[in-house]
Structures are given as structure tokens and as C-alpha cells.
């Protein structure tokens, strides 16, 4: 038996024979000089929405934290373990990224769980339930909206959660300070898995719009 | 001004005109049927070590959590926010992945921070310091080893941390149970950014070895 | 019965009909004019790590001392027999070599013995135990490191021992003096028997790195 | 500047592209299974008399100790460092070699030093002088023989020293025991650098004779 799943080994072989072979100098320089990504992406764990794939990103371009439903918890320096906050601190304070992009996506399982508050926990510890409660009470409000279909509620909360995470980003004092100083930009994006449409959030209004009309020409 | 960083928009255009165009049916099926990834990867946020790139993974293949230094905290159902534990719960209990791969890499900034315990916090909240304390006291022991060079200490802790995370995975009752039942496999891997070498952990000894000699044929 | 083992006689026949036939003039000149090697190698007795083979060295190129685990004892002019110190004295003072390379290798039996301090001596005189005690107390420290696997401890001590030997070289007054004068260079190297990788020690940091990426191109 | 002398790196490149490439499976098997050499050679450090070259030996064939003038000191378990005795112990007790070959050679600088007892030490510690005193008082007797030319004295002591080393080998209890049991064979050989003649010692008489007449046909 191999030490890693066969599909990973086979994919690794392709990487080495293809991309790494073409970009060897880039990888070596990145190893030697360290990373200097301009952008941090906070994305979902979902296997269908890898930010490097969607943004066609090469080595060294994106610093990426991925958790269920691409959430940012509010600033809470209580001495507990906070993986996402640690990643933010490293990206902003050590790497001095110039952009943070919160990227959500359609058909998100975490958002779906947040919209089903009374459902059975996945395990007694209910880590998902607790994690998605970052979105309370907005999730409850959306869930209670009988005027929208379940599909509309799902999309609505996917976008509300992006706005919530961006609001939570601003509770980190150094993020707020750097944004005010014009050194850091906070963006929202939403990816439709089926059509590959990418919607970007307007920072003034919070509305999501498709930023690249000609790409759509290509797509569809 | 565009709503997203220009390099992301440009990369997205390439994705849509290239990969998505070729794999449109795959994306549509994944959207319609939901994701069924066989493997979860716990990886670092580092911009030089994206698991989809290294494992040449297509849409739907890898469920990915990324945090600083690819750490798994020990099981602690205390009702606080635990992003990585939530991702694990979702992957194992809802998606029923068959493999979990903890993937570390060389020159990891988080590991470097863990080896400099007396250094200045990156911010008053010291989220990185607290997060990396998941590796205490082993990080202290490694840091105190004056016989090894700083480079050797770094590599040693990168590998010890993978073994520690795998041990922590086994503190989750349902992970341990599924592993015992032969339904779930826990793997460790370590990626060298400069040479693209991928080292896999031997589950018996904990040693890291390069799993694919014929891949090396290709590489170099 | 022949006077020498058959495989040695057969190998000698190949040497005479092959290499010697081609290099007869070189051998005659070396006999007539004496040897003037630029480099001394201190290597292990291991049958898998002959320095002439690994460095593709021709007649007259390498002055070679080989002992178990390629150790250099500290300078100790006590009037006892010191084979390695005698070889050093001859190489540096009589032959005036310009480089000394301490070459270790993976899976070294001597290093393995040094990491098993309580094991049964190989004979009542325990020459191996005493010889490997040149590495005390560092071997004890490495042996006690429970965070590393036995394979990792082995590699760590193989490299620490090279650094120790190089430090011991500098306890010989004439070696230290010639190094200061820029007339003698001290190098460390480590050979992986399985992959044929050659790692060279950085003299500033003590780290080992592969010196020849383009050689790797060839290798594998 | 490279980390190792250029000629070694260049020779290593040849090794990797040539011999290692052809014998990769052998090297991997030797790494995996460990070494099992049938023969130990005790040879001189001289750059012109590498045993692997002269015996055309492949990886894994010869366990080799090399010191100045290929000497074996008498058995002396005094708790001091004895590199050659440690190598013997490892070869005989751990590896269970079946042959030990003491190989001398012409124009040996150590033998020449032993024949010039009043000459200036190479350094204040006089490690060479002390080391060569293993051959006292026979070296003094040969040096005092005014009937022989200096060339004849040199060759005579080169051969006497081989017989002395073989006698010293028999002072090691386990070597004597294994030889009596027919499990270990002690051989002497002498190599002429200029003509590549290999002379082997007759174990009964101690005389040296050329073992391979047809090789000489090839040579000369």
C-alpha cells in the first residue's frame, strides 16, 4: 500500500512533470526569498471552490485560510485557540498583505446547516453547530423568512455571511487601522459552482454584482 | 477601480476560459449532486503550498481546511468556536471522507514562530502565539536543542507537528472509531517548496520518506 | 586455493585490463613523482560509501582515512597510537592538502551503535563503544530525544557528528592556523546510500544542503 | 563559492550520471537491507592505492579501514580510542566478514618515515612518529641494514609491515578464534603503483608472489 491516497500521488506526479517543471525557478526563488503574497483569501473548505483554481493563482500569490463557510469570528483576544484570527494576524502583521478577500460560494453545506438550527448535531461535540453560530442571530432571522424560498434563503445567507465576516474583520484593531490608512482593502466575492460566475461585493452598498462581463461571454 | 484585485480578476478570466470551459460538465454535476470528496487535507495558509496545486486536484476532489502551520488542536468540546474541529466534523461525519492528510511544508512561518517563544507578539492579542502553543511543550524542547542548527530544528518541528496533529486527530472519538473500523485513513505529508519533493509519513514509524521514486524521475 | 578472495582477483583483473591500461601514464607519473592530492577525505569504513566511487576520483586525487563513522578525535598529543590524527598530520604537514572533507552517510552502523548506549558490547574490549564515545555527550542527548523517530535521531546524529568532527579538526593547532591563513578549507558532506544524494554542509550555519541541483537533473 | 571542492562535485556528477544510474537497484537494496561485505580491507590512506579501484569493487563489496601505512596495532583493550581496532571489531563481530586483507603498496610515505627515525617530526605532537612506532623495533632493524639499498629497505619494510599487521590481527582473541574455526581468512597483498602489479602473500611462507599471470599479460 502506498503511503498516500493513489489519486493524490498521481496528481502530484502531474504537478511535478508539468507545473513545477515549468516554474522551477519561481519555486526556488519563493523558497529562498520567502513568500510575499499581496492577497489573503478566506475561503470555504468545500472541494468545489478552491481559490487557487478559481483565481488561476500561481505559487506565492494567495495566502489562504479555509474553514467551513469562510467565516471570520469577531475579534476576541481571550487566550483561546483561534485559527482564523491567527491566520489574519500573520497575514496582516507579518506578511502585510494589501487585500483580504472573503470568498463565499453557492450550495455551501455550512450555510445550509446554519439555516436548519434544530437539526441533529453531526457529533455530540457539535463543533459545526457552534462554529456556524458565528452567524447568529442573522441566520435565525433569515431562516424565519417564510416569504423566500429555501434556495433564496441559502443565497441570501451566503451573502449576508460575507458582509458579516467583513464587518468582523473590522473589529480587529490593526485591520481597521490599516484599512483607514489605505494600506489594506477588504473585498467580498461569491462563486457559483455550476456556472462559474463570480460575483463581487460593492463596498459601498454591499450588493453583489458580476465584475467581468466578457468572462461571461466566454462561459456561456 | 475594480471590485477585486486585478490579478485575481485576470486569473479568474483564465480559469473561466480554460479549465472551466473544459470541465463545465463536471462543475455542473458537482453543483447538482453535491460534493463527495474522498480526502480531506489539513494544510497551511502559506501561499507556496496550495494542496490543489501540489496534488494536481480537480474540482470536487479535496475538502481542504487551511490554518497557520496545518495544526489540529486536541478534541475539546467546550462550546467555543473551533474552526478546524468543525471542518473535521463536517468532513468525517457528513461527507464521510476516507482519508485525512495532514500536509506540512518547509520554511513554515508558523513553525518558525513556535521556535522563537520569547519573540515580540505580532499584535497585542497574540493570536499566533496562542495558536502555535498547540505545539507546546514539544516546540520548547526542540527550540532548546543546541546540537541542531536552526534549519534542522525547523524541519524537525515541522515533522513532529504533523505527528502531533495526527495524534490529536485520534482524540476525536468518531475519528478514532472510524480509523479502527478501517473506514478512515490518517496520513502525513511534508512538501519541500524549493525542490517540490513530497515526503510521506510511514504510519508505523512516523518517519518521512519520499513515496514516489518514479515521480522523482520526472522531477529532476 | 588462490591467495586472495576470488572476487578481489577478478575485480583486479578488470582494473588492470581496463582502467590501468587507459591510465598507465598517470600511474607511472604518480609513482615517479609522488602523490600531491589536493583533498583529504575522512570517511566511514562502510562498504556502501567509498569516497573514490562517490566522487568519481582517479588515482592521486584523494588522500583517504577511513574509520567507523568517519570520526575525528580531539587533538590529544599523549604519545599513544592515534591513526586518524597521524593521517591528518601527514596530509596537512607533509602533503599540504588544501581541503579536508569529513564525509558521513546515512544508515551508519557506528552512529546506530552510539544511539544504543546500553547495548551489549561487540566484544569484551568494546572498541566500538569506546571509539563512538568520541561523540559523547551529544549522542546521549540525541538518543534521549523522544520527539524524533529512531530514523530521525540517526540522521540528526550523523550530521551532528560531522559538525563535531570539524570542530575537533580545529583543535589541531596547525589545522586551525592553516585555515585562518586561507590555505586549508574544512568541508562536511553527507551521502544518502539509497538515493545517491550528496548533501554539503554550509560552513556558516552548519546546515546540510544538496550542492548540485543540476546533478539531480542527471540522477533521477 | 561551492560548498565542496569543484573536482569532487564534478566527479560526483559523473558518478551519479554513470555508475549510480546503472546500479540504482543495487544501491537501493543495500540501503534497504544493510551491508553484508565478505571482505574487510586494511589499506593505506595513499591517494594512489584506493582498494575499490584496484579490486574493481562495487558498492557493498569491501569494508575498508584506511590509515597511514595500513597498520594494525596489537590488541590493547585499555579503554582509549582505537579507530582501527574498532573497525576490526565491527567487521568481525557485527558484519562477520570472511576475509581480512591487509594491503600495502610501494613508495609508502609512512614506511619511508619509519625508516628515517631521527628526522624532524611533522608537528610537535608527532602523531606520525608515534603511529609508525607500531613497527618498532623491526623498522629500526631494517633501517640499520647497510647491505640493502634504500629502495630495497623500503620494499622490505612494506612487506614486513604486512606480516606484522597480520600477526597483530591474531592478537585479537575473536579473530584468532574465527581463523582457527575456518570462518575467517587473513590475507596480505602488496600493490606496485607504477606497474599495477599485485603481489599476494603466501600464508605458509610469508613470501609475496604475483597471483595472476594472465593479468600481467594484459598489463605489460
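Quick notes on this one:
First chain written, first letter: the chains are A, B, C and D, and each begins at residue 1.
FYI, a contact is a pair of C-beta atoms (placed from the backbone, for glycine too) under 8 Å apart; a residue touches a chain by one contact, two chains touch by 3 or more.
Since we're looking at a predicted model, the values are computed, not measured.
Fitting chain B to chain D on CA positions gives a rotation angle of 30°, reported to the nearest 5.
Between B-C and A-B, more C-beta contact pairs join the chains of A-B.
Rounded to a whole number, the gap between the C-alpha centres of chain B and chain D is 53 angstrom. Work out the mean CA point of chain A and of chain B, and you get 16 Å between them. If you average the CA atoms of chain B and of chain C, the two centres end up 39 Å from each other. Touching of two or more other chains is recorded for residues 219 of chain C. Taken chain by chain, the contacts run in an open path, each chain touching the next and the two ends left apart. The chain pairs satisfying the stated touch condition come to A-B, B-C, C-D. Interface of chain D with chain C (complex): residues 2-5, 7-21, 24, 27-28, 30-32, 34-35, 37-40, 45-48, 50, 52-57, 59-68, 71, 73, 75, 77, 79-91, 93-94, 98-99, 101, 106-107, 109-110, 122-128, 130-134, 173-174, 185, 187, 189, 192-194, 196, 198, 200-203, 209, 211-212, 214-215, 218-219.
Those residues of chain C lying in contact with chain B across their complex are 138, 141-142, 145, 147-152, 156, 159-160, 195, 205-207, 210, 213, 216-217, 219-220.
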